[in-house]
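After this come two complexes, each holding chain A, first together with chain B and then together with chain C.
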Partner chain A sequence: MSMEAKTQPMARLSGLSLMDVLRVARLPIAIVVVLMLFGLVEPRVLSLGNFRNIALQTSYLAIFAMAQTMVLLTRGFDLSLGYTVSLVSVAASMAMVAMGGGDASILYGVGAALLVAGVIGLANGVLIAGIGINPLVTTLGMANIVLAFASTISGGFPVTGLPKGLTAEFAQRSPLSIPMPIWIAALVFVLLFLVLKATRFGRSLYIIGANPRAAVAAGIRTVPVLVAAYTLCALLAALGALLLTARTGSGEPNLGGNLTLEAIAAAVVGGVRLSGGEGGVGAAVLGALFVTVLSNGMNLVQIDGYLQQICLGVIIIVSLIVNRDDARR
Partner chain B sequence: MLEVTGFTKRFRGVAALDNVDFSLNEGEVHALLGENGAGKSTLINLIAGTFPWAEGVYRINGRTITSLTPHVAQEIGIAAVFQEFSLVPDLTVVENIFLGREQSSGLFLKRKQMRQAAVELLDSLGFHLPLDENVAFLSRAQKQMVEIAKALRMSPKVLILDEPTASLTDGEAEKLFNAVALLKARGVGIIYVSHRMSEIRNLSDRVTVLRGGKKIGTVVTAEISDEGLIEMMVGRPVEQLFPKIEHKPGPVRLEVRDLTTEKRSVIGASFTARAGEVVGLAGLVGCGRSELCRAVFGLEVVETGAIMLDDKAVERPTPTSMLAANVCYFPADRGSEGLALARSARENATMSSLDLPELSSGPVLKFWRENETIKTPLANLALRPMAPERKASAFSGGNQQKLMLARGLMKPFEVYLFDEPTVGIDVGAKADVYNLIKSLVEAGACVVVSTSELPELINLASRVYVMHEGKVVAELAKHELSEAQVLSHYFGGHA
Partner chain C sequence: MSSETATMTVANAPSHRASRIDRFLMQGGIVITFLVVAVVATALIEPRFLNRLNLLNVMRNFALLLIPSLAQMLVMTAGGFDLSVGAVVAATSVVTAAVMLVGSGYFPGMELVVILASLVIALGVGALVGLVNAGLVATFSLSPFMVTLAMMSVLMGIALYFTQGIPIYGVADSFIANVGRGQFLGLPIVLWIGLAVLAACIVMQRFTSLGRHIYAVGSDQRSARLSGVSTGRTLLVAYMLAGLLAALTGFLMTSRLGSGQSTIGGTLALETIAAAVIGGVSLRGGVGRAELVALAALFLSVIANAMNLVQVDSKYQTLVLGAVLIISLAIERLLLRKRQS
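Right after this comes the complex of A and B.
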């Protein structure tokens, strides 16, 4: 961080105008503005309890947005992320129930989650990087397969009887009065930030996304990097799936329905570029916060669910346009 | 006919063009000369209506124009051929020529008429193109011809050509020059942007030199020497473009035996390159010299033949393994294969060297040492501006080239493969590249240069291999090197 942070403002200091400040800080500003606007209509939006609620909601979405960012950076995306969450939730729950549903079975649940997600991510990565199938087609196909598995093994019903250690104790724990999911999202953020900044793998993701052919010519082994990116994406999705499962208290085959789109939306709104090579986990988290604040506000002022979907769609398109203009300068 | 005065354009507060006057007469070829970033592109883009000008007056045929879009510009007779093609790869040559100006009767396209018109247009230019082939399958030179034909379909009064010969071989360029002469005789005014002094001399009536967004002057071409033009352009006298290289041929570093690529772009090619010498690869664009370099570096699939480094055969070369074996390749097309344009200069300079102990240990990237590591290479190449955190895309062509070349200075490589090292860069940057080659060779490296610029081969190389249709057809020693000698082998036969 140090060098980037130091040189950038120095180089620009002379031409730093109000417009520049607005451009760099537009998303935080937008978040505050949205909060204020909803606050005018519904004062509860600005209550401490709601802030806590927003933070908690954001932590889940942020994990999925960060997962998605790993592959968005490489110029790909993972359309199977949402259903992976569903399948992991169901499979992990069934594993725990099968192992007796005691606290000792949690380990099996985690194991099942990692196994399922690992297989999905690896398969995505090998098909896309190894065989060279378009990420859109690959992950869309994978999404269907995964959805079918999730529905079949669960019979379409929630899996109940999860260990208390997971649903009551772990999920309700709040060290330093900060809920567990926020801690975990923060930990994921720090780890991924370091991975992107301070590992060859992280740098390779950016280079591959910015120009895959140049990455090859520069001697970067693109296939293992891409396979790792898709696997990491799926494993992070599994982590988020476990947290969501702990919160809902059951394995839900419908858990991930909208998550794919929301995760991509959050990352893109935050400034991760669909064309690859630009953005980071900070952008993903900020984007997740924005999307959450928006949907939280719309819920509290009781805007119709479909209208909310429309708003989300419009926001994605607007942010794509705004970010595109940014890239032109 | 065309006159602009006081033209000014700012990008984010920085003047890309500052109070520039420019005029063009009927039937005149007016060359625009300047280093990369001098404002040539900005000026022609303003004239062509790509983006609006901030200040200035634009007059054409006595009419003052207040605003312009590319479409309106075409209607009033201004056509432009830019370096970036605006062709649709999945349409045919004919369809591309009439793209956006299709002739139709009612709902139906007049395919026959359009085809006929295309034939006449191409014939009048002396271009031979497969009319019904999809543009995706054409060579770069052929695409360039389509682009020119497309610009001429509206019979413009003003034609803007932006480095039209950058990707053409001499024979193809000759056709273009004929077309230019033809159009000139018809009274078309032509704005001609080029880095090549010989073209400017042969084609243009007047030259306007830009530097740093300002106009340095407009001169009648016949009244000024090359040196005078270069001095106007760079603002200081340029001693000699090509440095004198001391060749001290040592042991054979790289040997290629009977190499054939899977795509048959190279057929049974053999050559050797020694430490301490520059070996040139000559030939038309598409003759296989580029693919030969790429095959050595593992970017083309090799079917048969051997690649030997220091007498040891390389099995299944990949860019990763070749870089590790101290072979460095600089691609011809820095935009599509060389640089990650959206990333910073720093990341571009280090992207092929992330495994060096200075930059990483195991998976950990020592990003805190990156700036230190790239400091010397970038300073040696005189990167301008020296701004490692700037996006690569924000640098001029010549400086982008330097970013790519910086990779070769991150560690001492033994073999350097340069593919078109000076394409589309200005004279100042060219001199920097030649000096880099000189310092590498004199330090004992083995350098292979594949280029369409004959003067480069003749001045830099100690030996030249000429290729034709994938085969090596001649090897010329230093004392045999002349443009005529090299050219005589370009078409395979012995002249």
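Right after this comes the complex of A and C.
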């Protein structure tokens, strides 16, 4: 598809082919335009330090957007993602503190994170695929259950006293002067890209999303695939939660409040289709970059946080309308 | 997947067990069971539940959940979804209080006029939000879920931006006394208003062409259009009515709280969806009855009150809400599966 669109303008340099270029590359173009506009108002936006900052911020959001993409591809949804991040942050921190708070306790934190997220993801998957409850309502209900635990198990306060090594290794360390979270997000991207393109599981996700009946007819066992997708989504959320916890240096019950909306926004802006079967981790990462560039720019030109919330809503709607035109062609 | 359609073909259900399960589900068996169990259990565990003052309190809360739940039901039966309900309530609460604050400065001593003006403006805001929601959903055929999610973000942002999260005081005293705390024939005014809205919804669903059109559009937009129903207009009316009802809720909540608050309504999207779903409204549209949604809203109000009485941490109340939502849907699914076997 994209190959065709790219070679066409070479062949015939008409006005239409320019439109094709614009259509394929509109998100990268939009990112550059937004950067330039903010750069006009506030030159610091275009500084090398800020680019590094944008890349770092994008890496966290990209992980959550890729997690959300795993279930969006199947026509699913995970509204519990944000609060899963909160609960994982608190639970992993409590586990680390309980095991002494030394660097050796980091392993227990990771174990607790995987356990908590695994249970949430499995429960979502079994309820949605096994019993057949609507994914929106299942994960909305699950979100509230998870929120209740996140805000109560630590008494509602941040968990402090985490191992020094956590922040040093997973937030501050920069091999080849690239921060660790960017390496990890890049690794997740490559792995998921390969999983989606080259494995049976990955192809099954697309087929289930494009046409659930055809998937059954093609002999795909949809229940285990869907359960795996929701579990994978929750585990990726847990990974992101650990990285965010390393950055803040404490377990935060309010860590994931806006993340559900932001992750969905990033995926949708990138072009992952809500009706399933279209998009990929590349789209999620690009969408995350766009959302981050926008919020970074608004922060630097000091736009009120509540106005940013309005902008996020408007951006979602605009990108829904723009991306919708693709399907018509 | 096909189990949803199974409920519709009740007439030619093959086995006896199947028809019994169908009747149980269609007549709101799940919600009635839930409600009876909740009321009996609460009354047994905590006799204070039956105190007159407590029951009045339950009724007020019930009414303020009933009205937005009916709004949610209208949109869901039309095949949509409205996550912006809570945000509309917050925004219109702010609008109501702001209009009263400003209006009482311009028209001192004319409280009734100011109160009515604030109601009209709040309703206007609600209708406008419904109009935009429906316009985006119908014109561009976008996912109602995403549109209303984005709308929620926009409205909350606007309400918080103008108030910075600080409540707006200066609400007319007679408004609080007569509407928020007012009673008529021994029952709260807000309950009467809620019941009036419920009656209007029942009549609309059963006896008007609008009601039939909403069901038709919700169950199958294409065939509705082919049989001459204007789907765009029907969706528009459904979303605008929902916006109006949410705005009415914002107005009434302001009278209860005595101030305009941009932070209310946070859990209302979940609560109204829970009430609608437990009341048997289908997430695929086309199915849903106002009276069963009312019973579900009453059930949710009773368990919320029960948890307050036995002093459950309010944070665990969201847990119960989420669990009840999932459990009621799981029971329905499993019953339908049993029916098919």
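Keep in mind that, in the parts below, the second predicted complex is superposed on the first by the 311 of 329 C-alpha atoms of A that agree within 3 Å, B and C clash if a C-alpha of one lies under 4 Å from a C-alpha of the other, contacts with A are read in each partner's own complex, and residues count from 1 in each chain.
Keep in mind that, in the parts below, contacts are C-beta pairs under 8 Å (C-beta built on N, C-alpha and C of every residue); 3 or more make two chains touch, one makes a residue touch a chain.
Please read these numbers as outputs of a predicted model, since none were measured by experiment.
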Could you classify chain B and chain C on chain A, in the superposed arrangement, as clash or fit? clash
In the overlaid three-chain picture, which partner chain does A:A143 touch, first (chain B) or second (chain C), both, or neither? second
Look at A:L320 in the shared chain and tell me whether it touches chain B only, chain C only, both, or neither; answer first, second, both or neither. second
Given the touch rule stated above, what does A:N134 touch, chain B (first), chain C (second), both, or neither? second
First (chain B), second (chain C), both or neither touched by A:I264: second
According to the stated criteria, A:Y306 is in contact with first (chain B), second (chain C), both, or neither; which is it? second
Counting only touches as set out at the top, which of chain B and chain C does A:S151 meet: first, second, both, neither? second
Of the stretches 117-125, 135-143, 225-233 or 261-269 belonging to chain C, the one that collides with chain B: 225-233
Chain B and chain C footprints on chain A meet at residues 213, 275
Counting only contacts in the complex, chain A reaches chain C at residues 77, 127, 131-134, 136-138, 140-145, 147-149, 151-152, 156, 212-213, 261, 264, 268, 274-275, 304, 306-314, 316-317, 320-321, 324
In the complex with chain B, residue positions of chain A that touch it: 2-4, 7-8, 11, 15, 17, 197-204, 206-207, 210-211, 213-221, 273, 275-278, 327, 329
Where on chain B is chain A touching in the complex? 11-14, 297, 299, 318-320, 322-324, 329, 331, 336-343, 347, 351-352, 354-355, 360, 363-368, 370-371, 387-390, 407
Help me check something: in the complex, which residues belonging to chain C touch chain A? 1, 3, 81, 136, 140-143, 145-147, 149-154, 156-158, 160-161, 164, 267, 270, 273-274, 277, 283, 313, 315-319, 321-323, 325-326, 329-330, 333-334, 337
